[in-house]
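Two complexes follow with subunit A in common, the first pairing it with subunit B and the second with subunit C.
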Partner chain A sequence: MNRDSRATVVFNRAGLILSRSGWTLGVWLLLLALLIWYANLIPRFGEFQITSISKNSLPLVYLALGQAIIVIAGGIDLSLGALLLLSNAIAARFMADQPFGAVLVIALLLIGLVAFLNGMTGYVIRLSGVPDIVVTLATSYIWSGLALWILPSPGGGTAPEFRWLFTGSESGIGGTYVLPVLMMIIPATVVFLLSRRTRLGLSMYAVGSDSNIASLAGLGVTRAKVASYALGGALAALAGLATVAITGTGDPRFSVGANATLNSVAAVVLGGIALTGGTGLVLGVVAAGMILIMLNPILSAMGINPNNAQILQGVLIAIVMMIGGLVTLIRERRT
Partner chain B sequence: MVDSAAATTVRARLAAKARANPSVALGGVCLLLVLVTGFIEPEYLSLNGARSSLLQAAPLGILAGAQTILMLTGGIDLSVTMIATGSAYVAASQSSHGAAVAILMGVAVGLVVGAANGIGVAVFRVNPLIMTLAMSGIMLGTFTAWTQTILRGSTQVAPFIKELAAGSFLGNRLPYSVVLWAVISLILIWLLRRTGWGRLLYAVGDNETAVRLAGVRTWQVRIAAYIAAGILGSIAGILLAGRTGAVDLQLANAFLLPSVAAAVIGGTSIFGGVGGYTGTILGALILSVLTSMLTFLNVGQDIQQLVYGTIVLALAWGYAGLANRE
Partner chain C sequence: MQVKSKLFLLLGLLMVVALAAAGCALPMETEEPAPEEAADAPEGGFVIGVSNTLVGNGWREQMICAIKAEATASGMVDEVIVVNRNGGPTEQIADLEGLISQGVDAIILNPTDREGLNAVIEAAIAQGIVVVAVDQAVTAEGAYVATNDQTAYARLGAEWLFETLGGSGKVVEMRGIDGVPADTDRHNGFMEALANYPDIEVVASTFTGWDPSTGAQQALDLITTQEIDGIWTSGIDYPVVEQFQVADKPFVPIVGADNNGFVAQLLDLADDGLVGAAVTNPPAIGAVGTSIAIDALLGNNPPHETILTPKVFATDNTDGLNAIYAPDEQVGWSTYVDIEPFTHYNGSADVSACKAPGE
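Let's look at the complex of A and B:
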């Protein structure tokens, strides 16, 4: 009897977790299916491919994690791509020909600086009452202007050891997959635990769900908002650092940042976080970011023209979202 | 003492006036920017300067009109510049069939893509940001592929379209494109203020559930809004192509963020239900004057972007400050 009820509890718990994080699970299964498909598609699938997929996903995964936190707290940040540009430009400009120790110090300072800048953006949003989308649209111009001012043309560099840290190889080609995978897992775990297991993280969910009620319940709305933007900024800085490690240079072009922003929003939505805020797990976003990056090698392995790859990527996002919309519609009809 | 009190009342009265009629405040900002630009480059304060600013403002104003309609319903269109580019491409490649066919084919692009966006958003309930973002990617891929196949050929625009976009009449004083913009503006303002569909746009943006319970098929209202936005995007794209004389896939890219910014500066809420096209016209004018000013300042693109972003932020903040005090 006792054992029975315990089994029921466990069973119910499992059911609850499954129903709550069904989308997250689905996205990871989709990623797994794509990986298996890709492995069968190409003649040799080994360490090289795993390294290349995981390291190329790093910038988008970081950016999407940052976007996820901001969206969960009820905002949206169209300046994350520009912050990636800014951090990429600063890193490439000042890390060139420096020893590894100095490069690490620069990296840490940079993360702090960008977190501060974006935290200020969050504060301005709260203070001014101007919608997030408008403020971050304006700041995206400011940050990409600043990036262009710091690094007027593509160039710069970084220490080989720093490239090894993100890509697993000092030249950025081949190398071990352990480091890029670790560099993905550690920040993702930290952000996940921060969002689900700390007071600050839970207050972000509350504020994103309904900022008025959160405020009435005694939560610091401004604190949660600023913290979410600062964390998003720190992750955007990390994305810029990963970019400099992967490419070995800085590239301040405006379009790079704009594309990165749009991809981060797509990854967040595909990862199961509603743009209305207050729900979703950041773990799905990691898989979604990797899926978006993986589509390109898969489609090119299938011999599909890269332009068609872009079409398919858009169609895939639209179809997944349409299915999501239909599911909610059917649920609404039932109740 | 008395002086400062008088000054305070004057300021309070000015603030009250600005609150009651935001268009006046926006007009003031626009005038100030024109004067500053004239201070930097005295040539600007001439008929020629006004003409060049208006020529710049026309496509932006039309794109921002698309954005305004959608923002009133609580939507947004991130594919509007891709629609513009695609329409311009089609219009250019069909220019051998005559201007009328070319323009109609171009506008058809906006019609089809707008309808697809509308169905995704209204029927399948996809978030407008995502739907139009995905659509933008789909279009970019499609047109990149098409430029090498079915749209290969002319990237030059037909003379009639060039004349429409860049030509002027009345002794080279009044550009045709500005007249076209004025006509479109009148139609838009009339649609938004005087027609049932216009009222429904506001209502859907304000409270969709209430409107649906009142017996309105809200999905039809939304789809119509996205189609209208698509057509406006096409017209703007054809004007842009005519102004530059040739088309490429980056044609309208730079206008995406300004089109949203113009509507926001003009007082249209991104959450829907509040705003109108008169403010957007002023917003488009302000941004165009700002662009002229930054060009005359002769600084690099880095400083241009910095100043542009800062001023857009300051304007949006100032506007929100006015609206909140009400």
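Let's look at the complex of A and C:
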């Protein structure tokens, strides 16, 4: 191969990466732009603000990663917010006044438990053929009811070291940003590698793209479906754990879970993952989650009337969704 | 595979760059020598941040308007930044951190949690920000707290009712939402009063959810099926009075809150035999918090805890009822807005205008 053709190959590959991951890149650039804009809006910008944004983003980023995997595999999970609620309630109830070691054991057990529960949900969906939306809507009421039963009113607690792990500070505020950023990068990397580098992950894409063809091709459709729901559940549990670390308490209120579910879907769409399944990179979802979290302080710093802020937030998400649809349409026409 | 790893590296780098650029390229904390701490006795020009996590609730909206009105009336405030959205402690912590980042001088919040916000509140106080929790208390060290005494709210109203009934009779307790601290406190106050009146019998106890239509339905069921001598409500009052008219039954003594619709009924229907009492639970507690915040910013060292004892306006106090009645406002408007010595605005009209400084 001569130098010229090698250069062409590299150039073509770069072009391919850009066209395939252009949306992901765009979302990260948007986040960067928003960060710089926000930094100029407020009088001081330093470690406090970076820590604040990164740690407050954790629950939504985890939840959105979980939703992303499930959507990629062709499903959608309306119970993720309720699972966040459930794991938040269990964690706050049983971690209170426990030493760090015990808290870590509880955390791991909880991730396993919620992954199992949601894996079962995936299995039921696959087995019964009832649409994902219907089954997960039903389970969302079960999980949020269970959360209220376990923790009837806000309360509970966790170990200070556990709060440090997610927030960089034992009091949950004003710590180093290294930990929350790491706690964001590590799970995101694991989920990304799992989805793009393993047979299981690629089979999720295949199943999400067309489950009949995937089945004919000899791929384990049930396995992919159950695995995607289990992974989504594990990430929802992680989101609940991050919530207890940030607040130091549990809050079993239904509205908290419902909001979280809607935000996770918004982040998935904004992150460039088509709700039809089978496409998209989970990395875009990380930036999208952070963008959604940053909208509130930015709108408030811009002096936008709080009653209009919600409208504006909705309009922004709608615009992004429409742009996403337009991009897909243009791409489909081209091919 | 190589392509993907490169792409991943690129994105990883981008994230690091994003955070680093945001952290470094911009004015850092060190540039500002924190002038507000250096100068003692500031003279106004304050920026007040407000954090509320229940949107679309009339009482809370009036609380925010009272904060704005008092900020304007004080002449000491340049700007009021309101962060208002539905959420729990997670959202409120993020909102409070946002207000700290905006460099506000004081924060007034209606807290979602007694303890969960303490760390962020203490961090704000450590930066020289005055923090006032209104309506519900927080346990954070150094925070100011201004609340309405919910136990006394129920006790004073119940005592008026039991006294009016001559110490004996069948009463109904119409509560709010089960498990909410304010409802628990009010129930305790009701029971305190009840303990002193052995001949009063509570024949029914309902949870209205503080929802007018729910409360109205419950009241209609009760008054058409049972013999009742008096009704105590946790603020769902005017819909209950309406049910007596719907069912064409004679009024029984009723206790409610300072809702405009109820105050109007107490004035208008007195000739038709309505006897009742409005017990105040003012959202103007927000204005009280504002006044305390300004006092603290001026270095006047106000007390850290302010608990307002409710006032009782009964049907025999026509002057008092006329004074708080706000004919231009909605039925759900809380009429008791002027709270001495804290508020400086001019009655319901100013609060209803809902204008912050510069608006």
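Basically, the second predicted complex is superposed on the first by the 324 of 335 C-alpha atoms of A that agree within 3 Å, B and C clash if a C-alpha of one lies under 4 Å from a C-alpha of the other, contacts with A are read in each partner's own complex, and residues count from 1 in each chain.
The definition used in the following text is that contacts are C-beta pairs under 8 Å (C-beta built on N, C-alpha and C of every residue); 3 or more make two chains touch, one makes a residue touch a chain.
Since this is a predicted model, take the numbers as computed values, not measurements.
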Request  = Tell me which partner A:Trp164 touches in the superposition: subunit B (first), subunit C (second), both or neither.
outcome  = neither
Query = On subunit A, which partner touches more residues: subunit B or subunit C?
reply = C
Ask   = In the superposed arrangement, does A:Gln310 touch subunit B (first), subunit C (second), both or neither?
value = both
Request  = Classify the contacts of A:Leu146 with the two partner chains as first (subunit B alone), second (subunit C alone), both, or neither.
outcome  = first
Message = Quick check on the superposed pair: does A:Tyr62 touch subunit B, subunit C, both, or neither? Answer first, second, both or neither.
response = neither
Ask   = Just subunit B (first), just subunit C (second), both, or neither: which does A:Ala138 touch?
value = first
Task = Go through the superposed model and pick first if A:Ser128 touches only subunit B, second if only subunit C, both, or neither.
result = first
Query = Looking at the overlay, what does A:Trp23 touch: subunit B (first), subunit C (second), both, or neither?
reply = neither
Ask   = Should A:Ala39 be classified as contacting the first partner (subunit B), the second (subunit C), both, or neither?
value = second
Query = Does subunit B (first) or subunit C (second) touch A:Pro154, or do both, or does neither?
reply = second
Task = Find the residues of subunit A that appear in the contact set with subunit B and again in the contact set with subunit C.
result = 152, 255, 307, 309-310
Key: Interfacial residue positions of subunit A with respect to subunit B in the complex   = 76, 124, 128-131, 133-135, 137-149, 152, 254-255, 262, 265-266, 269, 275, 305, 307-315, 317-318, 321-322, 324-326, 328-329
Task = Using the touch rule from the top, collect the residues of subunit B that touch subunit A in their complex.
result = 78, 120, 124-127, 129-131, 133-142, 144-145, 253, 257, 260-261, 264, 269-271, 300-310, 312-313, 316-317, 319-321, 324
Key: Residue ranges of subunit C touching subunit A (in the complex, touch as defined)   = 1, 3-4, 6-8, 10-12, 14-15, 17-19, 21-23, 25-29, 32, 55, 81-90, 93-95, 97-103, 112-113, 115-116, 119-120, 122-123, 179
Inquiry  = With touch defined as at the start, can you tell me which subunit A residues reach subunit C in the complex?
reply    = 13, 16-17, 21, 24-25, 28-29, 31-32, 35-36, 38-40, 42-50, 52, 54, 56, 59, 152-154, 169, 171-174, 177, 181, 185, 189, 192, 196-197, 243, 246-249, 251, 253, 255-256, 259, 283, 286-287, 293, 296-297, 300-301, 303, 306-307, 309-310
